[in-house]
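Next come two complexes, and both contain chain A; in the first it sits with chain B, in the second with chain C.
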Partner chain A sequence: MARLHIVIPALVHAFIKSKTEYPGAMVLGWLSQFAAYGSMYTTISLILARFGTLGGWVWPEIALLLSFHLLAYSLGASLSFVQFREMEEKVRMGTMDAILVKPISPWTYIVFSGLNIGYAGHIILAIGLMVWALSQVEVTWTIQSALMFLCYLVSAAMIVAAIMTMIGATALVWVKSNHLFSIFFGFWELARYPLNIFPLPLQILMLTFAPLAFMAYVPVAATLGKPVPLLGDWAGLASLLAGPLAVLLGTLHWRHCIRNYQGAGG
Partner chain B sequence: MAIISASSVEKVFRQPKRQAGFGGAIRSLFSREFTEIRAVDGISFAIEPGEAVGYLGPNGAGKSTMIKMMTGILVPSSGTVEVLGREPHSHRITNAAEIGVVFGQRSQLWWDLPVRDSFELNRHIYDIPAPRFADNLARLTAMLDMAFYIDRPVRQLSLGQRMRAEIAMALLHDPKILFLDEPTIGLDVVAKDTVRKFLAEVNRERGTTIILTTHDLVDIEEICPRLIMVDDGKLLFDGELKHLRTALGSRRRLKLEFGTDPGPITLKTAALVTDEGAAKHFLLESEQTSILDVLTELGSGHDLKDVKLEEPDIEEVIRTFYRNKAQTGAAP
Partner chain C sequence: MKLAAYPAFTATAFQSRLAYRNQVWSGVFGELVFMFARIAIWTSVFSTVASSSVDGVTLPQMITYALLAGPVLYWDYSRLLRDIGTAVKSGDIAVYLLKPLLYPAYMLASHIGNFLFDLLTVTVPVAIIIAFTVGLVPPASLFHGFAFLAFWFLSFAMLFLLTAILGLAAFWLMTADSLDWFFNSIMTLLAGGIVPLWFFPGWLAAIAGNLPFAWVSYYPAAIYIGQLDPAQVLTAFVVGLLWFAVLLGFLLWIWARARHRLIVQGG
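Now for the complex of A and B:
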C-alpha cells in the first residue's frame, strides 16, 4: 500500500516538473496575480485614506484583514481550488475513473498531484502586507496570542480547502458543480471587509451556511480585540473550531459523493 | 475458487427526463422527472484464475459499467461482485493494489512528463520494491519495444506507443488481474497486433487473469478463449468462442455445384437460399447435419461437381444477430 510520506512528495515533484515544462507561463501567472491583488489593495487603501475608517476599522487594520484573507485563501486554495475546479472535467472525461483505480485515497492524489505553486505571488504579497500591518496595529503579543493567530490562519485555510472539496465532490454526483464556485467567490469578495458593515441577514449567513466570515474577519477581529457581531467573546474559540468543523463536514460530503459516484456515462 | 464472481448484479442509473423545446427545459427546472436506466441487469458469472475473458457487446450494453463495478469505481445497485474474495467498492484501495486497469480512451500517464516519470510515480503509489520494479521495467520495455521513447514526454507519442506504455504501467506491480476497457480502440493494424500478442503472452506465460471489453472480435479471437456477451445489460452468452455460433442459432452454409442445372431441389436437411442454376446455396438445418446427410438425401442422380461447406465467421454471426434483433425487436 502507498506510503504517504513518499507518495506525496513524489506527486508534488511530478506536478512541479510538469509545470516547469512551461516556465514562462508559470512566472507570468505569478506576476499577473501579484499585480491584480496589488492594484485592488491600492484602491481600497486610497478609498480609506479619503474616508478614514470602514465599519470602525482604520487602514492598517483593514490591511491586516486583507492580508489574512489572502494568505488563508492562498494556503487553502493551493491545496484545492484548481484541483477541484477541474473535477467537472475529470468526471466528464472519465479521468476520475483512472484515479479511483489507484491504491491511494483519491483526495490525496487529486490534491497533491495538482498542488498549486501558482499561488506564490499571492503568498509573497500577503506576507509582505501582513508584516507591515502587524507593525502598525496595536496588539499586545504574547506567545499564546501569536500561537492563536497561527492557529486562526490554519483554521481559515482549512475552511477554504473544505468548501472547495465539497464543491468539487458535488461534481461526482451532479457532474456539473462549477457554478457553486461563483457563489463561493461572491461571499469570498464580501469576506474581505468588516462583517459589521453588512445587514444582519448577511452577517448571519456568513457565520453559518456560508461561513467565510471565519476566513478573515472573525479571527482578525478577535486578534485586534474588536467587537464581533453575534459571537461576542466567543469569536476566538469559534475561529479555532470553524476550520476543523468544516473539514469534518467536507470529509463526510466527499465520502458520500465518492460512494454515489456515477461517472458521466460510457 | 473463482477469482472474480458476479451474482445477479444490477446497476441502475437514475437520469432526469429531458423535455423537448425551450418550454420543456424551463418546466423541467420546476418538476424534475427521472427515468431509470438499467445498465446491468441481473448478470452472473465466475472467472477462474488465469482465464482470459472477452466482455463483448454493442455501445450501451453495460460493458464499461460492469468493469467499473469489478474495479471498485461504481457500487452495484443490487447483487454482489467479488474480486479476489472482496467486495471491490468497500475495499477499493486493497483491491486496486492487486489489479491493473487500462482504459483505452483515457490516459493514466502524465501528459507533459516522460513515460519513465509516470512509471516511477506508480512505483511509489503501488509501493513496488526497487529490484522488482527494475526487473519488470526492463522486461516490459523489451517486450513492448518502448526503449526508444520511454524518456520522451507522453504528449509526443503516437496512440500506439501510448497504449503500450499504458499497458506496461498497469503491469509494473504484477497485478493478479488485468482489466482492459477497449484497449485497441483507435489503434492501427500493426499496433493492434502488437497489443494482442503481448496480452496473450502475459496471460499464457505469467498466468495473469485478463478481462477485456472490446468491440473488436479479433481481440477476443486472439486473446480470449472465453467470451461473455451482453446486450441491453443482460447476459446473452457465456462460454467458449467456438460455441457462440450454435448459441446464437447461426447456420452453416453449403454450396453445391453441378455440371448442368438439375432444376429445383428441395431437401429436409438443408434449406435452399440462393439458386444460381448450376450452383445452389443451402443453409444446413442443424449443427448435427453433416455433408454426408445432405448428399445421401440428394441421391446419386445428379451431375455433382463440387461441394463447399462454409462456417460463418464470428463477426458475421454477431452482426446478423444484432441486425435481426433490431428488425424484430427480439433475439432470434
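Now for the complex of A and C:
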C-alpha cells in the first residue's frame, strides 16, 4: 500500500495545479459563489429587518446559523461533493474499475484527487459572517466552550462528507444515485433555518433519518443556549456524536457497496 | 427558416424530457421542499405580528405569492444558460450557424418546450399539493387574473432574454459556469421571488421596482394577489414592454457581434 503521507499531498497538488491552469475561471467561480450566498443572506436579513425575529432568533443569531451552515457544508463538501457526484459517471464509464486496482484506498484516492478548492469563496464568506455574528451574539466564551464550538463544526462537516460518501457509494450498486443529491440539497436548504419553525414530523425527520439539523441548527442552538426541540439539554452532546456516528455509518455503507460492486453491466 | 418550423423544436424538447422521468419526481420534491421552507418562514414571521395582515397582505396571500413568484414564474433558466455555454465550449455552436435558423429563436422554441414540460409535470402537481394541504387564494379580481396572464408571458420573455444575453457572454468568456451563480445572486435579491418588494426598505424597493428583474417574479405575483391597482398595473405593463424591447434589441445586437467573434478551440 502506498505511503499516504506522500501520496495524499501529491494528489492534492496535482488537482490544485490542474485548477490553477485557468486562474481567471477559478477566481470568477469564487466571486460568483460569494455573490450568490451573499445575496441569499441579504434577502433573509430583509425578512429579519422587517419582522425582527424568525422562530425566536434575531438577525445576529441567524447570521451565526447561516455562517455555521455554510462553513460546515464547505469543509465537508470540499472533501466529497464533486468527487461523489461523479461516481455515477465513473461506474457507467468503467473508470471506477481502474480506481479499484490502484494501490491506495479507493475512498482516499477519490476524495483527495478531487479536493475541491472551489469552495474558497464559500469559506471566506462564512468566516467573515461568523466573525461578525460571534461579536454580536451574547455568549460567554471560555476555552472549553470555544473548543466545543470547533468540535461541533468538525462534527457537522463530518456529517456532510459522510452523507455525500453514502450517496456516491450507492451508485456502485444502483449505478444511478445523483437524484439522491437533490434530496440532500432539499434538506440542506431547510437546515439553514431554525428547526422550530417547521412542523413536528419534519423536525423528527431532520434529527433522525435526514440528520441535517446537526449540520447547523442543533450545534448553534446549543452554543447560544437556545431550547432545542426533542433534544433539550442533550443538544450539545448529540452535536458532538452525530458526526462520528455518521462517519461510522458512511464507512459501513461504503464498504458494503464496494463489496457488492459489479460495474454498470451487472 | 420559416417561423412555422420552430414549434417542432418545442415539441422535440418536450419529448426529449420524457426520457428523464426520474428528474420529475426529484424536481417535484425539490420544489415542495422550497415551498414548505417558504411557508414555514412566512407562517413563523406572520405569527409575530398582532394583526392578520402585514402591509395589506394576509398569510394565505403571502403563500400564494411565494408559489407564483418561485416555482411558477422563476423557471429553470440554468438549463438555457448551460445549453448555450456547452454549445460554445464544445464548438457545437458552429453546427447551429450552418443551419438556416436564428440560434436565439431556436433556443426560445426549445426552452418553451422545457418550460411546458416542467409546468405540467412539476409546477402544477406542486401547486395542487400546496392548494390541498395549505391553501391558495384566487386572483384578487377578474381584472387582476387576466393581467396576471399577460404579465406571465412578459415574465417568461424577460427571463429568457436576460438569460440568453448572459449566455452569449460565453462567446467572450469561454465559460458560462460562473455566470449562473452571478445571475442567481442578482435574481435572488432583485426579482422579488423570495421577499416581495413591499418588504424592502423604500430606497431599495424603488431601485428594484424599476429594474427588469422585477418583471420576472414580483410584478406578476403582486398583481395576482391585488397589491397593484389597475392604473399601476397598466403603468407596470408599459414599462415592462419597454424593458422587453430594450432587452430584445440588445440580444439581437449581441448575437450579431458574437457570431463574428466565434472561436472554436482547435480550429
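Here is the rule we go by: the second predicted complex is superposed on the first by the 265 of 266 C-alpha atoms of A that agree within 3 Å, B and C clash if a C-alpha of one lies under 4 Å from a C-alpha of the other, contacts with A are read in each partner's own complex, and residues count from 1 in each chain.
Note that in this section a contact is a pair of C-beta atoms (placed from the backbone, for glycine too) under 8 Å apart; a residue touches a chain by one contact, two chains touch by 3 or more.
What you see is a predicted model, and the numbers here were worked out from it, not measured in a lab.
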Chain B versus chain C as contact partner of A:Ala49, first or second or both or neither: second
Chain B versus chain C as contact partner of A:Gly38, first or second or both or neither: second
Contacts of A:Gly250 with chain B and chain C, given as first, second, both or neither: neither
Which of chain B and chain C A:Gly186 touches, first, second, both or neither: second
Which superposed partner A:Asp97 touches (first chain B, second chain C, both, neither): first
First (chain B), second (chain C), both or neither touched by A:Pro219: neither
Chain B versus chain C as contact partner of A:Pro211, first or second or both or neither: neither
Which superposed partner A:Gly29 touches (first chain B, second chain C, both, neither): second
Which superposed partner A:Gly114 touches (first chain B, second chain C, both, neither): neither
Chain B and chain C contact sites that coincide on chain A, given as residue numbers: none
Chain B residues touching chain A - in the complex, by the definition given at the top: 13, 64, 68, 71-75, 89, 92-94, 96-97, 99, 101, 103, 105-108, 110-113, 117-118, 120-121, 124-127, 153
Touching residues on chain C, where the partner in the complex is chain A: 22-23, 25-27, 29-30, 33-34, 36-37, 40-41, 43-45, 48-49, 54, 173, 175, 177-182, 184-186, 188-189, 194-195, 199-201
Residue ranges of chain A in contact with chain C within the complex: 25, 28-29, 31-33, 35-36, 38-40, 42-43, 46-47, 49-55, 176, 179, 182-183, 185-187, 189-190, 193, 197-199, 202
Interfacial residue positions of chain A with respect to chain B in the complex: 1-3, 6-7, 10-11, 14, 17-18, 21-22, 93-95, 97-98, 100-105, 109, 259-263, 265-266
